[in-house]
Amino acid sequence: MKRIAVLTGGGDAPGLNAVIRAVTKTAINIYGCEVLGIRDGYDGFISAGGVIPLDLAAVRGILPRGGTILGTANRGNPFARKILRDGKEVVVDISDEVTAAIKKLGLDALIVIGGDGTLRIAMELGAKGVPVVGVPKTIDNDIGGTEVTFGFDTALMIATEALDRLHTTAEAHHRAMVLELMGREAGFIALHSGVSGGADVILIPEIPFKFESIIRKVRERAEGGAHFSLLAVSEGAKPLGGQPVYRRSGDEIYTPRLGGIGQEVGQFIEGQGFEARVTVLGHVQRGGSPTAFDRWLATRYGAAAVRVAAAGGFGCMVALRNAEVIPVALSEALAVPKRVDLNSDGIHTARGLGISFGDE
Amino acid sequence: MKRIAVLTGGGDAPGLNAVIRAVTKTAINIYGCEVLGIRDGYDGFISAGGVIPLDLAAVRGILPRGGTILGTANRGNPFARKILRDGKEVVVDISDEVTAAIKKLGLDALIVIGGDGTLRIAMELGAKGVPVVGVPKTIDNDIGGTEVTFGFDTALMIATEALDRLHTTAEAHHRAMVLELMGREAGFIALHSGVSGGADVILIPEIPFKFESIIRKVRERAEGGAHFSLLAVSEGAKPLGGQPVYRRSGDEIYTPRLGGIGQEVGQFIEGQGFEARVTVLGHVQRGGSPTAFDRWLATRYGAAAVRVAAAGGFGCMVALRNAEVIPVALSEALAVPKRVDLNSDGIHTARGLGISFGDE
Amino acid sequence: MKRIAVLTGGGDAPGLNAVIRAVTKTAINIYGCEVLGIRDGYDGFISAGGVIPLDLAAVRGILPRGGTILGTANRGNPFARKILRDGKEVVVDISDEVTAAIKKLGLDALIVIGGDGTLRIAMELGAKGVPVVGVPKTIDNDIGGTEVTFGFDTALMIATEALDRLHTTAEAHHRAMVLELMGREAGFIALHSGVSGGADVILIPEIPFKFESIIRKVRERAEGGAHFSLLAVSEGAKPLGGQPVYRRSGDEIYTPRLGGIGQEVGQFIEGQGFEARVTVLGHVQRGGSPTAFDRWLATRYGAAAVRVAAAGGFGCMVALRNAEVIPVALSEALAVPKRVDLNSDGIHTARGLGISFGDE
Amino acid sequence: MKRIAVLTGGGDAPGLNAVIRAVTKTAINIYGCEVLGIRDGYDGFISAGGVIPLDLAAVRGILPRGGTILGTANRGNPFARKILRDGKEVVVDISDEVTAAIKKLGLDALIVIGGDGTLRIAMELGAKGVPVVGVPKTIDNDIGGTEVTFGFDTALMIATEALDRLHTTAEAHHRAMVLELMGREAGFIALHSGVSGGADVILIPEIPFKFESIIRKVRERAEGGAHFSLLAVSEGAKPLGGQPVYRRSGDEIYTPRLGGIGQEVGQFIEGQGFEARVTVLGHVQRGGSPTAFDRWLATRYGAAAVRVAAAGGFGCMVALRNAEVIPVALSEALAVPKRVDLNSDGIHTARGLGISFGDE
């Protein structure tokens, strides 16, 4: 390997910089490779100044920092790019142009750090001959093929701390405290942090809930002398027979907005005669310094991606399985998005603790 | 002093338990006094089981814990108590009943920990002969007579951490990140945490803002190459000539809700062609373990309140002035609520850093 | 199952209370079982007041708290108990007495939460007919049969935060900062936190080091313009051909003391003309509130232990493998203690980043 | 003002970068001033590359970061500089050379951020005609003339968290946990964090202690059923009639070393038949990201220093008094170093809680 490039795509996740740093250091120290950074996702290949050199100095001090020194773009899909033509937004396929730009750089490998969308594009570019290696990134933990990805643990830490803080206030004030958390399609953040933060009710996209079931739990607790309840709610949670209430704006990143499900749940509870308060943590969950766990995993992922590239394992992403970091075919990993398994020991454990999923 | 009592009223604030502990330990260790805890604010005096003994064992281990072991009630004003009569809510004055119950306990002092509302009731009970000593409590820092109260530093810490986390995401994604913070009438939390967290725009109740002024700042930054902005917004911030948009439900505690000012600001920014995301921290700011600063201050307050009581300084509250804890007449402290002084060095400092208050 | 008991043994680890809570809630909610808590390890079976009932109220609020509500004893091995006889300490086998006491309680299962020593005793009691199920606990991560145990992630978080803080001071002051960490036999804490905290040198028990190698790294960095170095050192690290310098006091728990390896390394560096400072984190690593990761794992372990007991899986401990919690025979898990694998991707990753293990 | 310079001297303290940033932004935004950064303390004036321009870009992103982007030197006293002459270290006065270099730069003001030693040099340079304004910095809080300085609150936060973590382990294991903290001459860190972290014994330099008094407290607690004790010990604490045991290496910064007072106290306790463990927090207390409190104070200090310079207030340092930042003559501030006042309400509060200072 003489020259590799690295890019970050999609939403922010704590640990992106740790991966970039590990890729750069490993490639230089072990393989004597030149490393290029691509700015703002795939866009960087076709933008002025979009390709920058990465040396050891460029990655110094970035390990504990949130964000990505390379930037990221949310609308950078070269296979379906939105452009303005005659004042109207149209979608065009510029993947040939991007592929040509990549080939012109003479890369031995392109390391793509991103979520489902970004990795899917990588796979398609691979089909056009680009030597891609993926690094899975998702704070929602919804990518298949790997036990976990970096960013998730930091999100859990933040959500759990919020629950800890809400808990004491709930108890002192005899209230239901609702915490709306990220997770449009997958409820891992609400499930794990709800269990870790002592929630009484956890609502996730995988289990449609009944409002009556929630209020029954709140009432049951009050009758038992616990005049407060803590609810961890995925933004994608939806009532039985209903639809999720979040509004999507078409990009990969979701914004908690006016009238999310947290608000709906809070208002329902108030309507039943209990006091309720709602917190929408939003993007606080996906920024800032990564936890030790995420730094360790992100660093291993970055180093492993370079090793996989050196071994010619293109079309793969790195993955954590059985405490080891191994390559997994992108096609396998992306085949089925990961969701909370309703028969997992995590769900059984939560039910055994007396936590309601709103489906009783 | 042979017997004193302590109660907590109003909203939660980190440090309440530290005050209760200091009151109890100081009264027992130094004055050999009996200590009673009154549950759920003034209500405890007239409820079954509302008066409990507090000994050293009762306060063991509570120093670092959020909430209050005594509970608190939000509607416990004995001078204007809401009760149901013939199915309708009416307001009655039960202060004589409460005063009689207090007198029956034979208290040498009643230590009242609370915010503006709770302390005002204490002052009125004092006029009826109850030997009260106040301990000011407000996460908003809006009580006069004292430089600061406990709870405020913890709220700042949480708000500043949230800004730190939003900062990296804002930067990576070229976005405006809006953080709505507590502060209906006073903007101290947004001002202090905004400066400490590197906000570009701070909106506070004391300075009515212009929407154009906000967008000018965001645009100015983008033109200078900083394609992101961080906004710290008090829930009580209001546009020039407009009204604050929060909805009050009549109790002392405010809940961020549907359509708060943070959402309004975020939607305005999006309407101007920039991406924006909104986080509503809510009650996460007022619960959980207090900072070292708040524990130290709360502990000193609790101990000082007992000393003030022993010295017969009734009708006073303890206050921090010039690094010392001293008694201040409740009438003086409550005369004028504290607001951000627009000529303070804090405001000048913020403006000098280039922060916009939306009034340029 | 009608009646089970739970005990904690050995050193403190964040998450013990989370396991106790999960055991209790699961046993009561799912199996309608009576739960007993045994105080101060195996000693509780033969002490007055050593067996207490655990109901839902007893475990309320303990999830986020460090320590163990049951207490633990370091010298509680019933097979080799130290007692005073005629003024001299002698070792006696009182396991028959303990076994008899256990049998008298009519337990359907005894859940033992502990490290290598405590679990080994459980296995031996199992051979005497006690229906034991183990829950592995070690902040050092040195128990076989499982990918990880609770407590380890919290230790990493604390060690990594310390490295973050030392880093900025090292840089500002042109110094070598040495952080001595726990790990007598296994270097996982120093390895993981060293990588996550950006250490330049990591010394672990598994890789004997050369002092010259350390100083070469420090000098090399200084010559390259980085006038500071960060060293993460296991307490059990030892120079090539030498012995670990910590002093053991015979109990399971090690205390950092006068003249540990951290001090030796610091003094060597100063002797070579560089400034050095040493921090000994000690027990700060093993106390206090567990991370979200550790709470989730500890809770799953506790619930799984009850399920394993209900299924009659005695002689097993619960273990994390491939993201699932499964039972593993104690005999298998304890056969070989876990050590850092010198061919693991973790070690390769660290070397690729340019980290020295002192063996070059 | 057309041109000002800023330097940092002495030990690290969280908030240095926040001051540098506020100085730079305020001077540029408000006064249209050129700002120079002096590297490695006063040394920068006479070193190649020691004077660098500071513009808005140079201070971007440094607010939350520990350390100082300007570096600092511990031996940079120009009035008593150690140099090698004929192989021997001699002390020479190079202050005329430094003064000449400063004058050559044509500075309208030199802002000096430092502790007692660094500010004293500033005062002496002022006497030679250099227009100095000081910013007090000390994590020990031992500078007179101001209620508090930045860095102290962060040190307290870290020390208090450590006590929180040690507390649960102490309780679970029936042990005395000793935490050695910074503070050679002043005991503020141990006093404040000891009270905030629930210590049972606090040893500070201002109150010589008796070993018997310590053990009496430990025994008394054990007899009362609390089989553990928490001790917060200043590194400069000394037994009655004895000497502090730390070893000074001649520079401003002290390093906890082999055989500090924490170890002595721990060993004494073990010698009396109780188990004890010792943690030496060391430089972890003085690095890393500042708390919200310290960022706010440091930022106000930096902005105020520029305003004081613009108003011609040379020979002053900025100080916090009565919640305001005001200029105070360096001669006044440095006249008497600040120590814990044995008649302060802090000490009375601690004694009232039952905390022993080892002098009973």
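To keep things simple, chains are lettered A, B, C and D as they appear, and every chain counts its residues starting from 1.
Here is the rule we go by: a residue touches a chain if its C-beta (ideal position, glycine included) is under 8 Å from a C-beta of that chain, and two chains touch if they have at least 3 such contacts.
Just so it is clear, the structure is predicted and the values come from calculations on it, not from any experiment.
Path length between subunit B and subunit C in the chain contact graph, taken as the least number of steps between touching chains: 2. When chain centres are defined as mean Cα coordinates, C lies farthest from subunit B.
Separating the CA-averaged centres of subunit A and subunit C is a span of 31 Å. In this assembly, the C-alpha centroid of subunit A lies 41 Å from the C-alpha centroid of subunit D.
Rounded to whole angstrom, the centroid-to-centroid distance between subunit A and subunit B, based on C-alpha atoms, equals 35 Å. Annotation for subunit D: residues 164, 289 touch two or more other chains. Contact between chains, as defined at the top, is found for A-B, A-C, B-D, C-D. Interface residues of subunit B facing subunit D in the complex, by the touch rule stated above, are 22, 25-26, 29-30, 63-64, 147-148, 153, 156-157, 159-160, 164, 192-193, 195-198, 289, 291-293, 295-296, 299-300, 303-304, 306-307, 321-325, 344-346, 348-349, 352-354. If you check the complex, the residues on subunit A that touch subunit B are 8, 11-12, 16, 65-68, 71-72, 74, 158, 161-162, 164-174, 177, 253, 255-259, 263, 267, 277-284, 286-289.
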